[in-house]
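Chain nomenclature is as follows: A, B, C and D, assigned in order of appearance, with residue numbering initiated at 1 for each chain independently.
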């Protein structure tokens, strides 16, 4: 194990990753570089500096990646109307490739030969971190303490901290939560605790980002989103950056009780798990993006996207962001968005988002053809007869040859 | 045109199809058989008898098809979590194949050589009726008056009625609606009128089946659905027939403002159109079915279904219910449902449906493995290392050969 | 019918399209512009000039499109390993979009408001021509004489020619063929005649482009093809243009009896038809392209391409080359080819093509890992255990819960 | 390691698995049950009995599984026209699930708690054996000696044999081959040796099952295959069992030099490997099955099968035969075959198979419609106009709104 000289750790500043710093130093006798990113999780990242320093870390990276996160990861994913297993908006999945990328870039900058993270051996996140790392730096050594060490209970962990004078902040509110949580600008997730019984309803005080729909305003909120090439560039006419878009939608959505989700999902490692998610802004974006596409995308383009979406979602969920297949799909998706411009008007009310209008300079909606009124010859209804007859021909032949259902 | 002897007409009893009866008699000098079905549209069908008689029709079929509709069409479709273009629950599409089937069966019983319907030449319904008819009776003659006649404006139609003494019921409430509507047990749809402007918000008084979410009860409603082989067999513990299930869910859903939808969709005939839909029960069923599957379906089975769903939806939307490809997909889907048993607990509140619990005797959720607590060896975290390494291998090789993103 | 002023006709110079020139002049009282393209069909195109002049045509376009055809249509299609229904290399289908494009460009140049072609109302080619034309010039008028006129038998056609002094060349060899044929640089096709009985074997003297395998050389021919970004750029080390590549492969392939095919296919218009094809160069290209991809494409990229290929083939077969969905697929396919470089060595022998070697500077084949000998630690066999265990986990859980096959 | 009491070993009787018997006895101190199957590999299986006895094995299973292999595994797979990566007929992959099934059944019969096999840690076969085993008996212990032991070179292996008096048969012809081989009724495969260089041509004396095409008969061989529900039931009019069908086709195909293949494939474990295969009968069956389907399958049924085939092939290649997704796909495929009846006439000649005729009582080929001659009104060419116009509508609208390519 002595072949590691320097390791870059995805460091939150919390107890677990602080223990990992010390454990890496002890176990591998190596230098630890910490990397802490602000992805919009809603917690200060700067305090991680002093904690890392206290642990003897010399190279400390603390970065605000919110814009890059939304611009290069969240937005591209939403261009595909991506949902995993019909429900999940991939809030955790989409943050991992960015962290993996920065871990590797920092490893290259600092001459580190390994990376490390605090994800357990049962989850998807270990896979996402490590697939990204291997794809970007094939010779990197990955250290996953939770798969290696024997600190598998709270007691052994505490004992380890005490023996090594690792400060444990018992007042930390998050630590007292019975749930395992993860947050970034796209969502916050909850697992564990009573959620391990799929029949048990989540407790109201678990939810942190959205108000209970029952306590949301009695009046609906209207919202207008402006799209350019499939991405939101303005809210209610005000242009803003990608991260600001998402922050704003989170705030408005959360205030209207939007984006709560309670599901059982299938992990890549083979088990089912139950999770609860709050994705206020993402829930709004999905609905609105479909609406602007409904007006501006060709039918078969839309259907092709729809048929490939579950696969694209799976690629991301399973951690293959930095893969050739994801890039190929992305090329197709991005190409399809070049006319996805226009405005969507939404109504938010106590937990639900409704589209109430959409318009576009690139609209393919042709009122003169679609109308129930006189269309002045734009469409010849007699064309339909031949259309139907030839579409029916194979079935007519089959039936006339005696084929039955 | 004299080669038609007898034609079976899908007859609603309304003005348009009444005109068609007379027009068929006049134009083809043929006998007309009327067929009126109760599919749960919420209007009496029996009055169609006297109207048909008044028009000189001798063979009159009036049938309650609600159970067959839900059991053999709606339920099979919901086993696939079917949605067209990410939003539409196919309420109109799924009723057409049953009507086509009965039209043909009645044609066979009465010795008719033709069928007719009141759908226009711009829509999907003509396609659905006629593809079904041709698939089931390849030599049948199809008469689509809207594509043939010159009664293309309200005035010419009225004049035609006056000249022929066709009674026009000006007091009919539905006729005064500015919208083109279609209803059955699964949904009611609205098209035309101000909806032809996709930016215009639908007027509140358009909606007929659901209460405005803002006027819905301030307290959530909880509901428990029981599934057997993918179909709902009981609500809150009370077993009921398929049609009763859907009626019940429509009532509860509508009372909670659930199932309104406003979209622009792509028709099979090539144009975009804007439609509003109310599908209270269907909206609940979709959410609940995904929940019971999340617990009982194998991951790859679920993903296979998800990837094929858009195609299955398109097959139905385009009118190919009575096709070999629909049957093949159905075989696969139905097979997948043999363990989809159990209960789903839902919360309905002012327009939204949330899953709050799910349980099953056939659950594949393994708490002992999924737990964040000690799993007593059910899962060896070390397995994850090899799993990740081999999943990464192709990417590592590519990267080591210099491939870049 | 008098609203057409000028029409551009896809003119072969043969009897049928010569009749069409006159028929268009007579029926529409319009000017006819002829367009004759050399797509490598193996017949002189220049003679079409005097024939058109004799018919009074003033604007005559005769063009050599062979390079454009192979570079912009054939090669892009082969990047996808495209085969329709498991057998057909789309030789006819891929030429139509180019003809449609030139028809429309010429219409724009000459101020024509219509285009015309000599394809019948039963086949795929009318669809391909017209979909292309409509996609590129939505207001164009399309005249398809075979669907309009009453010259439906050989006799009426001859009579029409006699009455109008249209010169009929009875010595024309092609006319005496009992088959309907189409040829371009990619293939020659045969339909009709005894082929209308799918049980009847094609006669040996039908085949024109390839020698009977039984008469082919007794010694195999070896060949080396060089690829850059998925396209062949050199044969046996000699760089050549796209059309020259295909011409060369046709010659070598034909001499070795390669590329004959006898199939029943499903037309877009709904019927099955039987066709025989000779595609010597294309057959070699398909085999070789798969070989160079096998070495240079990532596994999942290759599988994604394979899963989408049938759809891409169908898009082209059905005539949707100039559609958004084809372009989207092409974006993905082309992107995947950026490392598809290297050489393939082939053996041709009496009708079959075998790959005997492939090499690439961008090879992803890693001998040090793949070897059966000692791999010096490149691959840790123990990783396989975890890989298998987690891949098996969902099935183990299902089986432990009593699920059976 | 002492927790294994009895292990069932897939035993070939060869050196490697003989060593494994002894190694299992030594290492696990357990009883070994041997299982040797005749899958048509072309070697006597009975000699395995005395070899096993000599190693002290008490429970010895020797079985002829050829009929089950072809009937329940090979034939179902060929119903889907299954090919992996465009080339490979899955000869090895399809045998593994049957062996896994028998290993588990024998474990259940003999009260064994473990199974073992001789596949290495680099290949696909370990995955296929083990996924099958885990799916059928989730609690089984799997022992894969090649991943555990240190006998990784020929020398250490030989030394181990000498020390333990394991008889090594130096006269064994197969052992002297420089290639790693696997054979069953569907194919024989070669890997390793000079094949590890993908540019090196396979030596002629490597091939064992087929004659060199250059040495094959100078006269073609004609063959007639009869299908029932997608499976071959007779050759040249003579009904025979599934295994006899395949044996017969192997003999005829091999004599005509048919079925050689040389590819680079992507293994599930992440690496590329080069393999050569001889699949004489399978190559014929694939071609013939497509031909009978071309006459009897509905177009969209055929296309649906084609689009899903690569996924089905991948499922089998990766070892997921005993999975829910394979069963779902199989349900769909098998359903589609209920009318796949009839005869296919083939011509075999020096390495190639050509279809020269096909006929069926369930043919969907309609000569009266397909004909180039007068069709007496079976098909109205005018229908094509409306068909094309509505298929073009979305593209016309897009173009008229200014969309460009």
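The rule we apply is simple: a contact is a pair of C-beta atoms (placed from the backbone, for glycine too) under 8 Å apart; a residue touches a chain by one contact, two chains touch by 3 or more.
The structure displayed is predicted, hence computed values, not measured ones.
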Any chain that touches chain B and chain A: C, D
Between the pairs B-C and C-D, the one where more C-beta pairs touch: C-D
Separation of mean Cα positions, chain C and chain A [Å, integer]: 42
Geometric centre distance via CA averages, chain C-chain B, whole Å: 40
Between chain D and chain C, distance of the C-alpha-averaged centres to the nearest whole Å: 32
Chain B residues counted as touching two or more neighbouring chains: 266, 269-271, 298-300, 303, 311, 323-324, 327, 363-364, 366, 369, 379, 382-385, 387, 389-395, 397-398
Complex contact set, residues of chain B against chain C: 298-300, 339, 362-364, 366, 369, 379-380, 382-387, 389-391, 393-395, 397-398, 401, 403
Interface residues, chain D side, partner chain B - complex: 266, 269-271, 297-298, 300-301, 303-304, 311, 320, 323-325, 327-329, 331-332, 335-336, 390-394, 397
Chain C-touching residues of chain D, taken from the complex the two chains share: 81, 85-87, 120-122, 126-127, 130-131, 134-139, 144, 146-147, 152-153, 180, 191-192, 196-202, 213-214, 218, 220, 260, 262-266, 269-274, 290-291, 294-295, 299, 302-303, 306-307, 310-311, 314, 322-324, 327, 345, 349-352, 354-359, 363-367, 369-372, 374, 379, 381-385, 387-389, 391-392, 395-400, 405
